[in-house]
Every structure is written in C-alpha cells, then in structure tokens.
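First comes the structure, then the notes that go with it.
Naming follows writing order (A, B, C, D, E and F), and every chain is counted from residue 1.
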Amino acid sequence: MKIRLINPNTTVRMTEVMGACARAVAAPGTQIDAVSPRDGPPSIEGWYDESLALPGLLAEIAAGERDACDAYVIACFGDPGLYAARECARGPVIGIAEAAMHAASVIAPSFAVVTTLARTCGMAWHLAERYGMKRFCKNVRATDIAVLDLDQPGSDARRLIIDECRRALDEDGAEAIVLGCAGMVDLCHAIEDAIGAPVVEGVTAAVKWAEALVSLKLATAKRGEYAAPLRKPYDGALAPWSPSGGGR
Amino acid sequence: MKIRLINPNTTVRMTEVMGACARAVAAPGTQIDAVSPRDGPPSIEGWYDESLALPGLLAEIAAGERDACDAYVIACFGDPGLYAARECARGPVIGIAEAAMHAASVIAPSFAVVTTLARTCGMAWHLAERYGMKRFCKNVRATDIAVLDLDQPGSDARRLIIDECRRALDEDGAEAIVLGCAGMVDLCHAIEDAIGAPVVEGVTAAVKWAEALVSLKLATAKRGEYAAPLRKPYDGALAPWSPSGGGR
Amino acid sequence: MKIRLINPNTTVRMTEVMGACARAVAAPGTQIDAVSPRDGPPSIEGWYDESLALPGLLAEIAAGERDACDAYVIACFGDPGLYAARECARGPVIGIAEAAMHAASVIAPSFAVVTTLARTCGMAWHLAERYGMKRFCKNVRATDIAVLDLDQPGSDARRLIIDECRRALDEDGAEAIVLGCAGMVDLCHAIEDAIGAPVVEGVTAAVKWAEALVSLKLATAKRGEYAAPLRKPYDGALAPWSPSGGGR
Amino acid sequence: MKIRLINPNTTVRMTEVMGACARAVAAPGTQIDAVSPRDGPPSIEGWYDESLALPGLLAEIAAGERDACDAYVIACFGDPGLYAARECARGPVIGIAEAAMHAASVIAPSFAVVTTLARTCGMAWHLAERYGMKRFCKNVRATDIAVLDLDQPGSDARRLIIDECRRALDEDGAEAIVLGCAGMVDLCHAIEDAIGAPVVEGVTAAVKWAEALVSLKLATAKRGEYAAPLRKPYDGALAPWSPSGGGR
Amino acid sequence: MKIRLINPNTTVRMTEVMGACARAVAAPGTQIDAVSPRDGPPSIEGWYDESLALPGLLAEIAAGERDACDAYVIACFGDPGLYAARECARGPVIGIAEAAMHAASVIAPSFAVVTTLARTCGMAWHLAERYGMKRFCKNVRATDIAVLDLDQPGSDARRLIIDECRRALDEDGAEAIVLGCAGMVDLCHAIEDAIGAPVVEGVTAAVKWAEALVSLKLATAKRGEYAAPLRKPYDGALAPWSPSGGGR
Amino acid sequence: MKIRLINPNTTVRMTEVMGACARAVAAPGTQIDAVSPRDGPPSIEGWYDESLALPGLLAEIAAGERDACDAYVIACFGDPGLYAARECARGPVIGIAEAAMHAASVIAPSFAVVTTLARTCGMAWHLAERYGMKRFCKNVRATDIAVLDLDQPGSDARRLIIDECRRALDEDGAEAIVLGCAGMVDLCHAIEDAIGAPVVEGVTAAVKWAEALVSLKLATAKRGEYAAPLRKPYDGALAPWSPSGGGR
C-alpha cells in the first residue's frame, strides 16, 4: 500500500526525518511517500501559519489522488486541513494529533500533550475536544521552543521536553505523554526512556493507523460532509485548485 | 468608525448586497467597506472551498490593517479564518455565525439554523459548539439550495427557506431562526414576516456587534493565542503573505 | 430608542454612576433611563438578596412596558430575573453578565471573571454555564470587597481588583477580564490601563448589545418559554403584580 | 423530626392534598407541616410566577427556622428559591424536582418528565442540567393542562397524563416517569398501575429524602455559597425580609 | 422492610462494622442484613479486585431475592456490579457512592471525595460522571491508606483523612466531604466534628436512600436495560450462576 | 508478534469465526491466538452476563501474560473487563467497541451502532461516552436478534441488520456504521456492499489497532490506575485468581 505522509510546512529536513521515522515503523509492504509543499510557511506556529499552509497541503492531496495513494497522514500537530483533505481523498486521511490521542487513550487512563510554543496550546485543546479526547487530556504544556529550533543543538530541546514531560506526570497526574509537534518525531524513544512512562508520537502513530484502515478496506465516507468538493471554477491565482467535481 | 465587511468568496454581487444591508443597520458614523478577494472560490460550500478562501480573506485583513480599519466582519456562515484573522487584526474580528448565534440566544430560549446545502450542516454544528451555543441550537436544517442560486428567481429560494423555518418552529420547537448563509441577508425581514418568529441574520448582527465592541474600546487580546503571527519568510507563491512579526 | 437600565438594588448612587457610564457609550439617538426599585435589598450578594430584588425589578419592567421602552438592561452581575423579565417585555432584555461574557468571548480565547464576594462565585459559574460561556471562562475570582464598599475610598478596591486581575492573567492564563459587579462600572478603563489586557464591563456592554438588537429590529421570541405571563390574580400584597395576560 | 413542606403557590387545596400524601409516606416520628404563603401567585406556570412566589416562600423558610424545623421541602416542580432557601436554613432544603430525579435515576436507566404546560418544559430541562440529571432525562413532555385544572373533573387530567406517559415509554424509550408538577401528587399510583412502569412523584420523594438527611444528621453546608444571607436592612415594603445576619 | 447490605469483599470485620453503623441510622421497622461473600478479594483496590468480587456479590443478590429482600445496598465505593444487580433484583439497588454523592449535592454546592489509594481515584471520577455528579465534585483525593489498614491503630488513618479533608476544603473550595471507602463508615462523625463541614458517608446514606425508595413503593424498572437476565445455561464452574430467566 | 483475541463468552464456534476473520486482516508476522473461557455465559446480553464473563476473561489474560502475548483484544462489543485486563497486562489491551468507534470517527463525520438486543443499547452508549466517541455516535439501533441466532440460517440476521443500517443512514444521518456485536464479524463486507457506506467491524479493527500499538512499542501505562493489581490472597473458590503483585 502507498501512504502519503504530508508535512504541511516547507522545511524539507523535517520532512526527511519524518519519512525515515515513518518507514521504521511501517509494515513490509507499505510505501511511505514523505512530501512537503514548495509554497507556504516553513513552520506552523499559530492559526495564520496554518491557514496559509492549506493550499500547499491540499495540492499534495490532489497529487496523491492522481498517484492512487491509499491513505494520507497530515504531519503537523494542528491537523490542518483535515476535513478538506477528507473531502478530496477516497482513502482515509489521518491527523497526527488524532492518531496520537487515540493511541494514548488506549494505553493509559489519561495523557498530557507536551508541545512547542504556548500560543499553540489552545489549538491542541481544540483538537482534543473535536476528537472526543478532552476527557483523557489532563493538560497541554508548552516548552516554548520554536519548531525550527527543535533539531538545533543549541536549543537544548530534548532536556526541556523531558523536564516538561516529568512535570506532566508529577503535577498533572498524567500517565502517558503525547508529543505535540511532528518535529519531535525522532525524540520519542529517548524521552520515553528518560521518563519511564509511555510517550506517543503522532507521525508514527498515524502511519500505523493509516495502514490499519487500509488493511480493513475502510475508506472515507462519501455521504454528507466528506463528499467530494462541488465542481466549480475558482478565480484568479487559485484557479488551479478548482474542484473537478464529485466524480474522479 | 471603519468596519471592513469581508465576503470571503469572489462573487461581487453578493458582496454588494451584503454591503447595502450592512449600511442599512449601521449607525450614522460608521463606514462599511464591503470587500471580497479576487482570488478563490466563488461560493463556499464545504471545507475545501473554505480552505481555499483563506489566502484571499487574510489578504483583506492585512489590507484592512494598513487602512486602519477598526473592526472586521467575516461574512460567510462558516466563519472561515476567524482565529487567523484575530491574530492579524488589532481591532475585533467577528464571524457572522458567531454574532447571529449570540443574538439569537439573547432573544429566544433556543434557535434553529436554516442553511443551504446539507453537506455544510456539520460545519454549523461545529461552530455552535465552538461558541458555546450548542445548548441553544435545536437543529441545523438544510434547504439544499446552492449558495449562488439563492438570488436566482427560478430557485424558489424564499419559499423553500420559509417552509424550512416553519418546520424548525413546529417540529424542533425552536423559538427563533438563525439564517445560515450570508447570501440570505436580504431575505431576513420577509421571512420574519412570513413565519411570525424572530429571524436573526448574521451579516447585520455582526456589523452591530462590531460597532458595539469598537464603541466599548475593546480590541483583540494580544496575549497568547491571538498574538500577531510570528515573523517568518514564507516560501514560493505565498511569500507575499509572510508575517512581518509581532510589531506593526 | 429608549433603553431602560435597571439596577435591581435600591442604592441610587450606584444607579447614577451606571447611568452616566451607559450614556458615555450610548449612540446619539439612545435615551438611557437608569432606574432602581424603592423596595428591596440595597446590594445583591447572594441568592437570598437576589430573590428579594425580583419584585422591584419586575415592577420596573412593567413600568418600562407602559413607557414603551425598546429594550432593558438588568444591571447586576447575577442577571436576576432575566427569564421572568423576558416573559414581560416585548423588546430584548439583556443581562450584564451575559453581554460581558459574549463580548469577552469574541475578543479573546478565554477570560476570567473578577468579582466581589467569594460567596457569589458559584452564581457566576452558573451563569457562564447557562449562557454557554463556561468553555471560555478560565476562573471566577473574588476580591472579597463588599458591593457597597467598592466606591468607598478606604476600601482600596481599585488596587485589590487590579491585583486579582493580574493573578487571573498570570495564574489562570486568561487573556481578558470580565468585571463581575455592576458597581465596578467606572473602574473599567483604569484597570485595563493597569493590566495591559482587555477588560470587559457588563453595564456598558449590555447597553451596546441592547442598541444592536433594537437596530436589528429583534424582539423577544413570544413562542414558548418567553410568552407573556398567563393572566391570573395574585393574592394579598402581591396582587399589584398580577399578570394581565398574554395580550398587552 | 419536623419537616416543613412549602407549597409556594397560594392555593390551599393543593397544599392540603400534598400534606396528606406526604403524611402517608412519612415515618412514624415525622411531623409534616404543610404550608403555603398568603401572598403571591395561585399557581406557578412560568418564570414570572415563580419570581413572585419567592417572597412568600422565603418568609415560610424564615418562619420555619423560628419554629426549629429540621428540614424543608419546596413543593413546586420548578424548585423555586432553592438556593436562597438553603442560605436561610440550617437543615437540608430539598426541591421536589431534585428528589424525584435522583430517585428515578436510581431505579431506572432513564426517565421522562411529564408536566403541565409546554411553556414550563424549558424550566424542567434547566433543573435536570443543574442537578446533573440531564443524562438520565430522555424527554420533558407537556400535557397542556393548567396547574389548577389538574383536580377539576372536567379536565380529563388523569387520562391525558397517562397517555403522555405511555408516549414517553414508547417513543422516547424512557423506563420510568417523573411527574412534573406537585399538583399531580395524588395521581402517582393510579398512573403507575395504568402504565406498568415506575412513576416517581416529587413531593413524596422529597419528604423521604429530607427524612433521610435529617436521620444522617446532615445539614446545609454553611461555608461559601449557602452561608446565611449577610445582615443588611432592606428598603421599603421588603424591610421585613431584611436578613439578620450570619448568626441566628 | 428488609434491606440487604452487601459488603462485596470478604472481610467480615468490615461487614460487621458497616452493619452496626447501618442499624444506627435505620428506621425502627427496618431489618439490616449485612452480608459478605465467602469467595473473592478481601479488599477492593482496583478494577481487577472489583471484577473478581462480582460473582460473590451477585450470589448475594440472588440469595436476597430468594429471601424477599426489599432493597439492596452495595457497600463498596466503586459501586461494583450495580447494573448487573439491578437486572437481578425486583427492589431498588443503591450504590454507596451514588447515595453519598446525591446527598452531598443536596446539602452543599460542591463536594470533594477523600478516598484510600490513589489508583482508585479514576474509578471515583468515573462514577461521578455516570451519576451526573461530576459537576458537583471538585476533587477526588487519596490518602494512600490501604483499605484493610483503615482500622489498624498504627495506620494513623483518622488523622490522615482529616488532614486530606481540610485540604479539600481549603485548596479545592469544596463545601462538603464524601468519604470514598465503606471502611471509613465509623469515622464519619469524628471527621465532621474535626473539620466543621458536612461529611457524607455512603453506607449510611445508601441505607436511608433504600428505605426511602421502599417507602415510596418504587422498584427497579424492568423495561429495557434492567430487565431480568435472559434465561441461559452458563458453562463450567459458573453454572450455578445461570439466570433462570425473566420470570421469578 | 502474538495477539491474544479473547472471546469472553464460551461459544467456541463464535471464537473460531472471529479467529479466522482476524487472521484474514493480520499482517504476515502476526500470530492470532483466538481463545474463549470454558467457564461462564455462552453469550453476553446484559450486565449480568458480562459480570459473570469476567473470571474467565481475566484468566485468559493471566494465561496470555505467562505465554508472553504482546497484546490482547477483548472481542465482545461491551468491552467487558477492559480496565481490569489493563491492570494485568504489560502490553496493550483493546476493546472491539473502542477500536471500531475510533476507526469510524476517522473515516466519517459520524456513525451509528447497529447491535443485537435492545437491552444492550445503553451499554453501547455508555462505552461511546467513556471513549469520548459520543459526539460521533448518532444512534445505537437494535435488531432484536439474539447473539447466538446471528449465524442461524432461520434468523434472517443479514437482512434485518442491513435494513437497520439503512435506517441509520437515512433517518439518523449517520455516514458510517459500526457493527455492535462480535458475532457479526463475518457479515461486515456483505453489509457494506449492500448499503454503500463504510461498515466498521470491531474484531478486525481491534486486531489492527493492537498490531499498530505493538509496532509502535507502546505498552500499557503502569503508573496509577492501570498498575498491576496489588498482591493479596483471594478467598475460597476465587483463590486461583489472587494477584501475585506488582512485579511480574
């Protein structure tokens, strides 16, 4: 099966790390296409960044449909464009926050999200509510590391994240951690070893969720809200995004 | 005061009707700038349309900030880009679904939303939840009229909407109606006369909410989630949208 | 238009300050009638006080109907008698907690209420739930200043309120403040200047909400729960309150 | 022990029936004082009626405190003045809706309320939420019988109520019925026999709840929200209601 | 009337203390049968213990039905087997957490649960939600005393519980305490005296709730979810538990 | 990896069908051990049946731990004993209702559960709430087919289920179906073909969820609520179930 892993920001080095981590957990027959748009924000750290990532992200979904991808992973913890992508795709589309929260809710009575900037905590709470996972989420904690500093040696990111995870266990009573940024994908096992509690990372979780759904032959429901976008010509610079209609 | 009324779709005849209706309720000193983007979908009838309306919408907010607008109304019932717009604007930004639901909750114990296509009902429910208005919302009902058919004589739109409103009162027990599409702005009073119950229309409600907030000298909170987008260069075709940073 | 602003306690000096602040934000054509009952509690600091304020408050609504008032503001943060008043009034009736919470939810992702006595915090939480605003309300904080001490120089009220507002921002993560007592109406801008975050005050917010609703020609829904009280003779000392029935 | 059963309307024949039904279920040592105010509405069929019943109701609580009553039952399904009464009373104060919903939630997975006028259904839903019982409440159904017609032979009340109860079982899937008006107190067993499912009546349920709490030596918590009303002189005609302060 | 009080663990000395405390609050005509199973866990401190207590508990319900018991109290704060017991019993079945939370919600605006081991806090939160009591529950606090140490002199249980109750009042703002373990039954009044706020104990509360329901002639609803278990032969060692079917 | 699939009822022919369906979706390296207890109910159709299935189910978990199973699937739609099993297991334990609801919430905006007997609908709603999936669940519908009749030719089960699924799509507006009984495992694709909307079956979904979690090296959190049962000797016939304590 072919799973398209879309990093909705333009930072290719993040895309490559995500792709490698995804391949490390994928089943033998699974092909992971890790892609990112050329146009848009290099990191997503708020609602405005997220909004401007959507044209690039949705173009990748459209390309994936042409390439007969079986499923999609949206690899940014805000799960941007998830419902729009589901309108466009035949196969399942999974957000990394969604998959990580589901997984955490199965292995632990509750979890805390540890993320980057404080300004994005509200987005994580919003997603937890949307997915029905608010009841499992004890807290959303920020480390105040910028997304693109996560892999910079000087940022001391690993230590700061581990410290925040420990506070989540001790002060919030969480029993597991959900990492709140796709850029933390390669830190997961090191953090788990350090804190002695399960750490769920969304990119890898979503890849396995996608594989599961494809194996079950489950596709996106096309009645109602996730029906294909209605055929209509878009104006101006966005004309290339015009939906070709329900048939495909 | 200067209020920018942004129709996020590209259909100028809708923008003009909205502008006229807004001016009819505005206070003497209020200037209404009714605008719509050149680029993007001609109507918003799903998540995909909504996503592709965001670049145009947010460019209008940016232009509004340069023009020292005091407040903004987002004139599409999905309230697209509301949080991104709040990051960008100093003054208040109000969505028409938000204002209409607030107003309806003050004048009636409950309301029903009557909208266009069934595929958008889920979006209205989502907004009702987001704004805390779900407890007042007895139902969201679709007429299955396409947005751009609302003002076409052959569409029989007024009669279909009135019929659906009556069902909302009789079958759902709603005591008031919220019109679920900005394209219904000029039908409000005719519907109210026909059904004998309050009908709340969002474009006009949001204009008055905006005026109220500006009169109260209330601006968007800039701590936390609605802080200005972080300064960073966007890539490729979206470079013009690059945020210039927290200062302005 | 004529808006009756009802202070449901009997303390005329509070009524006068509220009236002045209301007039300062009202639109040119708006007449503010600031009134308070002769009979009842001089301040409302609990459920018992609130209950005994209702006969006086509802008599003012009845008088307002005879005087053809267009809308009513109930100017006590517990929003006493709101639903009973809506049964009696043709035009909109707005509570100050309701208007303030709506306004705060538009300009900020969340707010905290800062009020007078701790014993009234539960009432504020109850209202937040009733209006669907609990999701925006991070905390309700008491200063333990008695209502009638708010304008006494020795009470140090302004400083105590400012300190509590700062704690709400820092400890609760609120991005805006809602003032939890009508007696704080004239402190709003001083507090906002001191804390550097939006401060929403209910008396003024409700006056603007009332103006907005009247401009939109929205009146109270008379189907169902807010229908006029049924005609029936009340007994004894309350006979003057007997409803004259659905017609008026 | 002495339980004061307060019918908050002025219709003495209802008070007497309630008293008789209460005595029929009371334990041997329990004295039931069934009282009703002289001043106020003869029936409570909306928020306005309820508001004007409060002075009379609270005077009865005050009298009960002077008479050393051990507990109070508020015998109107809107549970008017419940929190104000708790401020005034040392012993427990129970509303009949509260007791009936608690009891129904213990003996059945869900219930439906069958009440009098449709305009009061919203009040019942509000109470169900307040008491945490909304999750058990499948529906609130009106028979549109006026309260004072319940015991009029021509009203056909018993048959109408039984029909509505059957619909609640069949259409709503409720497994038990809560009678939504104190005026139905003497119909309980006849309805239960007719429909073959448990029927919970609030006056009798509340008397037993009150007895239980008194036997357990549980009194109203006097920290926080239910502390005695603060001592202050009320103005004008309401001066006799002035609270004498926290001590008693 | 005959109430069977079932301690679902096998520790007879706990059963005897519960029985004595129950008799101390029971009405003159009430017979309390305090029983505990021979087979199963000696204390219930988690989901596994609770699961293995069910065969013994349900055998006691079956025996109670043969003995014509009028009602049942399940005397462990996790209310194990409550719904299964209701399927088996004609009369009411009450859990001690359920009764205690109901009682606390009547006498106080909110409560905190003070229990034994931290690992059981999640169970108490789950019950609070199930019964609709989460809105009243400010916190669930553990003392980390093992159940069977509660009555051991060296455990210092009383002091530890009192300290935790005080923290609940001071830090959580609770106005009443619910004791979170049947093994605390005899400490209730001493704790109440020490902390000066109401303390609700579930065994005694449930006995009074049961008496109340029986006096009201209310039995378990036998439509739907609580209908008698379907007749079927169980296999192997559990054959003696085979339900004999809906009739009895 | 080795996944133990536990049918908690004793009907071996159901266990075998489940095992076959599970193997059909499992990844190449996955070994499925489909087991069922010798002792207990032959089908689970209510709370009592479920309670008596627990000793057998938990014995299978214990055996699985001795056999070094990597994960467990509890294959009955009530997800019996889920939390107790998590206390006992090192690896993940997944309920089929849990996995099916998660999967349905990813591929569709909402779903309906179609199950066997009406008396079990409440259990399904309870699980939907517990897992945060209530917001996605539009209805739970019963076919009133007994569990053991599902595979009996005369039961007409397939047609009855398909009819009920169609009503769920048409009347409830659900966009996907969740099959509410493990005994429907082999009907999934036939139903999907018949109704033209996604049909999620829990046994297969849970097997894929289990595989995913094991691949991600995620195990059950052992802090707090899911810590191993405390070491203690159980009495009588249940002595063999005595927990050996936290270490293993």
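The rule is simple: a residue touches a chain if its C-beta (ideal position, glycine included) is under 8 Å from a C-beta of that chain, and two chains touch if they have at least 3 such contacts.
If you want to know which protein each chain is, UniProt gives these names: A, B, C, D, E, F = Hydantoin racemase.
Just so we're clear, the structure is a prediction, and the values are computed from it rather than from any experiment.
The chain with its Cα centre farthest from the Cα centre of chain B is E.
Rounded to a multiple of 5, the Cα-based rotation taking chain B onto chain F is 120 degrees. Chain A and chain F touch with mostly matching residues; of the residue numbers seen at this interface, over half occur in both copies. If each chain is reduced to the centroid of its CA atoms, chain E and chain F end up 29 Å from each other.
Chain geometry summary: the mean Cα position of chain D and that of chain F are 44 Å apart. One finds 52 Å separating the Cα centroids of chain C and chain F. In chain A, the residues that reach two or more other chains under the touch definition are 109, 122, 224-225. Put simply, chain D touches chain E in their complex at residues 25, 27-28, 92, 94, 98, 102-103, 105-109, 131-136, 169, 173, 175-176, 189, 197-198, 200-201, 204-205, 208-209, 211-213, 215-221, 223-226. If you check the complex, the residues on chain F that touch chain E are 10, 37-43, 45-52, 54-56, 58, 81, 83-84, 86-88, 118-123, 126, 129-130, 146, 224-225, 227, 229-230, 232-238, 241, 243.
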